[in-house]
């Protein structure tokens, strides 16, 4: 299956792009996506411990199971206000 | 000596006037003024336990000693805001 | 900005007066005329002030807020006279580098203004009654009590 | 009123949107661009948002504030893009019958917005440096830690 990953702020700078399409096997979790991303964009590793993940506008943990065509947002801690 | 007393809000309604000149003996306190006022304007007695006193824009206790020509404000608890 | 006014309060002007490049936070408080208090319906309010002392007292609040909290600017504007439903009776604006201080200073200012500043509110109810609002006033029927209510805390006393 | 805007925030419109005859208190919070943080001098800020989620998240904040506090109306407007010193990045207005609730709700809204809403601030310092602000971000030099930071609290979790 295939998910679209959106990067924001320092995560976008580290990824060098604002989005990537990633192929994953059926039943993959955000943790699996994270491992795939770190292989593909090694500079993300330096902030990997701080990244937050959201699917369909909701924060999700690394255990969250992804579905085909999900849009996953990947970003560092927020600093609005 | 002589002091000018200003009344506000429910105290003015009870006194029936917004100011009174009161004669007091030298060394009189606000307590002495209060006794003189209650004799002169008996309707003030009904709220006498709640009245606040200010001299020269500062709250003062009943023990405060008055001076000739002082302006004393007499009013109930405030309710601005 | 310390003012006692009769015209409607321009809260944008109050807010602008405290904005600063040194502040990261501005808090504005507006007191507005509420229609219902418990089951009583207000038609309009009337505020009376002891003008001279009210202005001195508000200026003292500003000075005290500056000594208690790391605020940049303070503005306090109270209106007097007749006010209809929804109108603004008081506006207090505070700016501070950080929001926690702005919130605390703003809260302290309105709480303390309500305890100290010589302004009184008279409710005019929809049934025609009118009534001065005097928090904590205890009429002493027929007796000239020599008790005196606790004086509003002045500068330097306990918080 | 829930908005993510690029033009300057009209805080009077934000405030007017929450005024009500049922409210006795209105609190407006403005976040503004501060020049100095410790010894660092800011020239300007840039805010980036994940628009779709930021708007959904602010709408959820309003819903949650209404369930937690007896508020009448809530308005949250955040700006994105470049902001100069003194400009307003966020405006939050709350109205409530009583001031204590308005203060608490307003404070909760800005505190929670800063934890949850996907918006990021980049500092542009006077010495030419630029730096994303990421509270609590701990770069893990050279190691792909599988740890994940605590998720921002969602609706229904501990206060």
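Residue numbering begins at 1 within each chain, and the chains themselves are lettered A, B, C and D in the order written.
In this section, a residue touches a chain if its C-beta (ideal position, glycine included) is under 8 Å from a C-beta of that chain, and two chains touch if they have at least 3 such contacts.
A quick note: this is a predicted structure, and the numbers were derived from the prediction, not measured.
Common neighbours of subunit B and subunit C (chains touching each): not present.
The geometric centre of subunit A is 24 Å away from that of subunit D, both derived from CA atoms. Averaging Cα coordinates per chain places subunit A and subunit B 73 Å apart. Chain centres here are Cα averages; for subunit C and subunit D they lie 28 Å apart. Computed from the mean C-alpha positions, the centre of subunit B lies at a distance of 51 Å from the centre of subunit D.
Residue positions 31, 110 of subunit C are each in touch with at least two other chains.
Chains that are in contact with each other form these pairs: A-D, B-C, C-D.
On the subunit D side of its complex with subunit C, the touching residues are 11-12, 15, 19-36, 85-86, 95, 97, 99, 102-103, 106-107, 110.
Within the complex formed with subunit B, the subunit C residues making contact are 31, 47-50, 52-54, 56-57, 78, 89-90, 110, 113-122, 132-149, 151-152, 154.
Contacts from subunit A toward subunit D in the complex involve residues 6, 8-10, 13, 31, 34, 38, 45-54, 57-62, 73, 75-81.
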